[in-house]
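Residue numbering begins at 1 within each chain, and the chains themselves are lettered A, B, C, D and E in the order written.
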Amino acid sequence: MTLNWKYIGRRFGQMLLTLWIIATILFFVFRLMPGNPLTAYIDPNFTKEQQEILLEQFGLDKPLFQQYLVFLLNLLQGNLGTSFVYRDDVLRVVARVLPNTLYLMLFSLIIAYVVGVLGGILLAWLRGKKGETVGIILTLFTRSAPQFWVGMLVLAIFSFRLGWLPSSGTGPAGVTYASEWAKFTSPVFWKYMLLPSLTLAIYLLGLPLLLMRTNMVETMEESYVTIARMRGLSERRVMLKYAARNAILPVVTAMAVGFGYAIGGNVVIENVFSWPGLGRLLVDAVTMSDYPLAQGAFLLAAAIMVFMNFVADLLYSVLDPRITVEDMG
Amino acid sequence: MIEMTSILEFFRQDKFALVGAIIYILFILVALFAPAIAPYDPQEMVRVDGRIAFNREPEKNFKLGTTNMGRDIFSQLIYGARPALTVGFTAALFVMVVGTVVGLVSGYFGGKVDSLLMRLTDVVFGIPFDPFVIVLVSFLGPSIWNIVLAMALLLWRDTARVIRSQVLSIKKRAFVEAARVSGASHSRIIFSYIMPNILPLSLLYGSLAIGWAILTEAAVSFLGFGDPSSISWGYMLHDAYVSQALSRGAFYWMLPPGICIMLLVMAGFYISRGAEEVLQPKLRSM
Amino acid sequence: MSLLDVRDMRVYYKTKKGIAQAVDGVSFSVEPGQSLGLVGESGCGKSTMVNGIIRVMAKNAFIPSGEVLFDGQDLTLLPEKEMRNVRWRDLSLIPQAAMDSLNPVYPVEDAFTEVLTLKGNMTKKEAHARTVELFTMVGLDPDRLGNFPHEYSGGMKQRAAIALALALEPRLVIADEPVTALDVIVQRQVLNELKRLRSELNLALIMITHDISVVAETCDNIVVMYAGKVVEKGSTQEVLENPLHPYTMGLENAFPDPRQQDKELISIEGSPPDLVNPPSGCRFAPRCPFAMERCLAEEPPYEEVDEEHQHGAACFRLSETLKLQKLAKEVETWQPA
Amino acid sequence: MSWKSKIASSLLICLLFLTLSGGVIASQGDRVIRPIYVITRPQSSAPDEYETLSYLTAMMTELGIDARLRVVPWEQQSDLVWFERDRWDIAGWQMTARPERLDPDEFIYNLFHSSTTVDGYNFIGYVNPKYDAIAEAQRVTVDPEERRELILKAQEILVEDAVYDFTVHPMISIVYNTDVFAEDSVVDMAGMGIRNFWTYINIDPIGDQKAIILNSGETVQAINPFYISGTVDSWVYELIYDRLMRMSPEGLPEPWAAESVEWLSDTEVQILLRDGMKWHDGEPVTAKDVKFSFEAPMTGEVPMYKPFVDVISRVEIVDDLTLVFHLKRPWAAFEAASLAKINLAPEHIWGPLFEDLKTRPENAESIQEDVPIGSGPFKFADWKFAEEVVLDAYADHFAAPKVDKWIVRFVTNMESTLGMIQNGELNFLASYSGDASLLENLVSRNPMLSMVSSVDLGYRFIALNHNRAPFSDPAFRKALVAITDQEFVVEAVWKGYAVPANSVIAPALEFWKNDELKWPQGGLEQARQFLKEAGYEWDNKGRLLYPSGQVEEHTPSF
Amino acid sequence: MAASMNPKGEDGYVVELRKIKKEYPVRQSLFRKKKQGQCLTAVNGVDLCLKEGDSLGIAGESGCGKSTMGRLLLKLTESTEGEYLFNGEDVTDLRSKEEMLKFRRQAQLVFQNPFEALNPRFTVQRSIMEPLTIHGIGSSTEERLGFVKEALRKVNLQPAESFLEKYPHQMSGGQLQRVVLARALVLKPIFLVADEPVSMLDVSVRAGVLNLMKEIAEEMRLTTVYISHDLSLLQYLCDHTAIMYLGQIVEYGKTEDILTKPLHPYSKALVAAIPTLDPSKRPEEVPLSNHVPSPVDLPEGCLLQDRCPYVGNACRGSEQVLTDVGDGHLVRCDLVCANNGNLKFEGGKAV
């Protein structure tokens, strides 16, 4: 048994192709946006020449196709262009907020998936009892409530009424973390992250929970589970090692894909909690017509999504020895 | 295609689905008869004794109070069912139709068509949804139709994948093979043999999409990209947020639209949950 | 004392339509070292009964009455915790779906290690040695211990299942359709293996199958079930050569035999009764060509006619056996009226 | 594979055209006035504008005009208004307060002089030679009293012509924590509220907390003395960088880094620098630095500041602390718009940077120092992207602040800010666009909070496009002004936290403000009167018609 | 030279396969075994000829390619190589819809699993009428209904009217299989393939279906192919039987001959393994080892070489050829041919 590099290679190639197509669509979508991209930045007092200098500076004076080629070439070199607003390299701007988004995502996903998987097992175990119905209703509540709405209520209660947790940002005013690592390991940072990530986790919780429950109910019907029981193994062992271990496979995939989803989907949470992350940056960039930045942030989110899809595929075949490549579509 | 009796049977058997259906029906009725139920025009700044009634708390004339611009919240809530249902149902329809067609064609014909469509699905899977909606809406202008469009362009992806794998398995089933042996044409096989069997599944995804659409509309509205010309619940929440209903303690403004969204989204989940049990007869026997 | 003595066992299911009497008053016993074939068509309740004996049942199944005496101890009364100790140590199972009986995400050895360490109190090292021994015993290559179940062929999985059933040297093994899903050549090999091991280890075996030829080749005794009831039992040879119950006769007629080329295949028309509302008399009566009015109204009791072979049946026309046997060979007899 | 993207993009283009062309129904060539599109930003970004214009739309409908409210994002709105000056009809707009706008020149000249109709601030296309003459005259009239007469006259003409449909001057309401700061240590600057430079250096911490923590809804984009970026950015660089003069709390330019500013003639100004000033890195501030700071924008590498130094012909260094500015022509607003506007930047840092820029396509705006060095009362400490900017007090400054730190936090959630000022996460609520009555309520509930409301220098108005009939007709414009019920807007939209506006000059600028303006009011009745007098009629369906002889020449546009 | 089953190149066959081969691409996996071919050979150069009224049984273990054979015969899957003549016409590559419809009308299938073979949403009437509608047989619904009832009567589902409105889930396995048969017969085909027609049915009802099929095939002079892993069933149904192993026919002859005196070592083992009610009559067992080669990695020479107790060096080198050992009995084993069909195994050694 060796790793099938040919397959991984092909899959990787597909990933790049997908990214390229997304980049292309993005490029044209942003170029076709109504409105002069420089409106917000060209002071009306500028002379025609000054405006032209600016256009030239951003490479907007060239024909569209040529711009596209330049864009692709730059992309290959990891150059996403210059932000109109920040007058800075897009990648650098994005890199400043990306860790925050990743922390938030990661933390809330972990909470959501740990609680979700355990909850799913519990509900499957309670199948047919009252507790199951109550559990499902509660879960569906968390999944149906608009995120920002929950966020606002959570803020109002925990931050402003009870004053337990801070309401915005990644740290108290004027406090600087010495390094990204220092930030990550600081309890203060975690205190700031708790509210937004819990809000996000509440929303994310539903999917793994319900998925896990359904899978559990299904795998509990599998003969190897019944037979494990016949072997006189304890109920806990049967539930965890047999039913849950198999039922968790699609949940793990869902998590990898969910991570990709969440990276783009956290715009709302980041805005409610004034969290300096990718989603907020993207919304700001769109509102301010900073299309190189919007494009860059979008592309990065897409790249993470595509990559996580790729990881999900690989992960699945690692976790489930039965799976073949064709099964993964 | 699906017998009326079996639908009734389905709702009779699954209490969740029944509750879901009742919620849907209630909201549809509310939407249809909104002008009859709502005491005021939702856009009207209501005057009391010649003065605009701002920020009224719930009282006899204003069952849920008024907004900071003196609009009747109850009336807005009633009218809000319209865009919510419109967005929900049209988006779900698109998601269902596009997803089902792509999945069906891809799974049934296989080969190059399949790989092409699946690559396309990969591409669509690579596009982050919320940002895409925001870009599209800021690009095409804030309108519920553009939100629907964004959903139609992206959200068929899950449906397509699931339908495809379902078609792949149905395609291999003996009765489809039997139809081929009988000489049935592709269209006959698709419409008489495969479609009826995947339709419940696409309906399931459709009902999930209703929830998605409503939540998306709300989120986009919240971020300020919403359609101000139609008073949806998402818009109401946004309005409440911008107008600081929370700081004002106006829970009568902040809560009802959120609860309505939750109920409607949940109704979709309820129905799909019921459908899930029906689609997996293995579970039903227990 | 019998090793296993099942007395008037009943297992019912709660269904939407009502209560299905899947196993309804079944009695039989197995002596140490003896092999018993439990024969019947799908839905006759044979698997349900096994599940009832080992007490791992579907959630909607229950045992309204009956005794399962294992070594004199009534398993139906045992608390779940003690029952868990009985499972596999004293009484193990070669499952019907051996193909799917192993956890797909763990290597095959894992199931052995688990059983041997948890139920057999062995160390990991001992467990491994024992597993290798078991593998060799059933004719599997110990090199493949680390493979995943899906990498095994059907025959290999079945052998592994047998090895696993024997791991703790139980006194009774229940084999539920152990060869049904296998190709004939492999089937033959597995049956031979089972036979050999049984005599080597002096195991008691209950073989559950719909295929009487499998029983004919492996079992000392046979129990024929129909619609949740025992219709006939006795030593295998006696039952096959001298069937007492019309159902047994019909079953033999329907079974093709390549060594009897001139034999005409005859089927039993009709289908088994609905177990929620079973017929009030003999459950086979609606399909039985020899049914009398009494058969439809009254339930025939089980009667032993040959004490030596413990051969008996539940039929009102036991006295006419010879006549019936003759008639049963005729195609016309089984034609629907 | 690129066909896919082609299809995707062409699909989007098609959709775009469908959307845009949706509402276009030609109605040219008859007397019925075309459907008028009223453009506003979304409620989320500008709730007041949205509400005001939706009100106006309703009133116009009453008047027999087919008015339609169109909500567009800010970029599209500004793009349309600025770059397609013959395509729109009515748009909501606003002018915001900036210290340099304390001098009337920018509003009087830039907004309405005919020379700025093409690509300047006069996007409404107002052309009136009589007005042009006055606007030009006030620029070169250095004598304040004389200039005042001109400004008053200019305001009168603007009212007569109903150039804008003014709505209100909003109130700036700012809350601060009196447990942290001494109550009388904030400075209410004319037209700017207490959120201003003077407050920051004067505010007196009396508790344990020595930092002023304020909020902003926007993030800081750049900290660069040669780049005018976002609003919050200007708060930051106003503090880091000194200027020769600053607008005083009363709204007049007064010497700041300059010890004295002396007009040698109408075109010569002599500056004497304060002695002993130091950059944040310890280097002394010299006349050379000042000369550099004013000459850099002339090079073209600093496009945004160029207009403010255009009038300077040369800067002459007399000695280390003395310079003379030679102007090309007299400019009444020179002190406010140039001396109080240009940031002083150290030549020893920026000189080499500018040398470097000569060889690169970028300009000075793209430079971001890791630690910006200025000479102002605060020095740069930290910038957490999209989260906060921290400045430390510069103790060596001649006007050293009383607080230790100045911290601006970027809080997107406005609702949150109210909670934050209560729970102490903020101690100075600098930026609040919501309902001011809530602030009042907040303050009344929290004894440690105090609120100061002041009338804004800036104003809100409804821009009417003079390039297109019927808005080219002053009578028509007056009718619109008449139906814009300012009291209603103040009450309903602003909840009382605004005052009606009738001029580009805010009431706060008592010296320049014309108090005797007769602003048309009177509602629908008066509006109909105006229209009838000008020859407009109504058809039997109640639709407004142009005066006879005039037909619709424009297509509805958006 | 490979023995063809139509050595004289005669005409007049209903079905004629020439060197039919079917390969499937190999599924890829993230982890792969070191040695692996690119494709799986399911059917490996099969020749087959059937005249009107012929009935052939194809037997073999699972994975031997017998089901693929059935699918190839019905053109449910396309062959990779080889030719297929149906009624003298080349149907290897049917392009036009009309030709395909014509073929479909004449070649029909009885499925393994009757519970699956009927559309669960169709009534019996609709299921059987469907082929008539597709082929435009009968001018009116009444006329078609007549055909449907006729077909039901033919498969002994009587009274036909009582079954018309039933759904599959309301019927028993035996009844369903009859409906499936009726559906196949309603088109009056000339060629019928039955893939494990009774394996899903209860033993007690199998005989009925088998007898019915046999009767009908004789009555309608159908050319039939029965596919089964159970040789004992084939003896009731087929004149001739072909034993398949790893995609090849290893032995072909009269069913009786094959059951009583199988020649090929594999056939011997297969026949010997058939369970019987009377174990004392069991023939001598042939101990095949378990080393079944992977169909993606077939050995050169005889495909049974790794399992066969008689294997010699010659078997490993050269490809075995299907050879007539007299009386139309074909065997693919050089050893058997060389020893005139006498191969014996005693005490662990081939004699």
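Everything that follows uses one rule, which is that a contact is a pair of C-beta atoms (placed from the backbone, for glycine too) under 8 Å apart; a residue touches a chain by one contact, two chains touch by 3 or more.
Quantities reported herein were computed from a predicted structural model and do not represent experimental measurements.
Asks: Applying the touch definition from the top, give me the chains sitting in contact with each of chain B and chain D.
Replies: Touching chain B and chain D alike, sorted by label: A.
Asks: If I average the CA coordinates per chain, which chain comes out farthest from chain D?
Replies: When every chain centre is compared against chain D, the largest gap points to C.
Asks: Can you check how far apart chain A and chain E are, centre to centre, with Cα atoms defining each centre and the answer in Å?
Replies: Computed value for the inter-centroid distance: 54 Å.
Asks: Could you grab the centroid distance between chain A and chain C? Build each centroid from C-alpha atoms only and quote it in angstrom.
Replies: Here chain A and chain C have centroids separated by 54 Å.
Asks: Between chain C and chain E, tell me the centre distance in angstrom, where each centre is the average of that chain's C-alpha atoms.
Replies: So the centroids are 32 Å from each other.
Asks: Going by the contact rule already set, what residues in chain C reach two or more other chains?
Replies: 59
Asks: Which residues of chain B are in contact with two or more other chains?
Replies: Expected reply: 123, 138-139, 223-224, 241, 246, 286.
Asks: Pull out every residue in chain D that's touching 2 or more other chains.
Replies: Residues 4, 12, 16, 45, 73, 75-76, 415, 418-419 of chain D each touch two or more of the other chains.
Asks: Please output the residues of chain A touching chain C within their complex, sorted ascending.
Replies: It is residues 128, 222-224, 226-234, 237, 241-242, 245-246, 249, 319-322 of chain A that touch chain C.
Asks: Across the complex, what residues on chain E touch chain B?
Replies: So the residues of chain E in touch with chain B come to 74, 76, 97, 100-101, 104-105, 107-109, 111-113, 116-121, 130-131, 134-135, 180, 183-184, 187.
Asks: Which bits of chain A are touching chain B when the two form their complex?
Replies: 14, 17-19, 21-22, 29-30, 32-34, 127-128, 136, 140-141, 143-149, 152-153, 156, 214, 217-218, 221, 260-261, 263-265, 267-268, 271, 279, 282-283, 286-287, 294, 297-298, 301-303, 305-306, 309, 329
Asks: Show me the residue ranges of chain D that touch chain A in the complex, using the header's touch definition.
Replies: Within the complex, chain D contacts chain A at residues 1-2, 4-5, 8-9, 12-13, 16, 20, 45, 73-76, 78-79, 82-83, 110, 116, 119-121, 123, 211, 213, 219, 221-222, 224, 227-230, 300, 303-304, 306-307, 361-363, 365-366, 368, 381-382, 384-388, 390, 405, 407, 409-413, 415-416, 418-420, 422-423, 425-426.
Asks: Can you check the complex and tell me which residues of chain C touch chain E?
Replies: 41-42, 139, 153-156, 183-189, 191, 210-214, 216-217, 240, 250-259, 261, 265-269, 271
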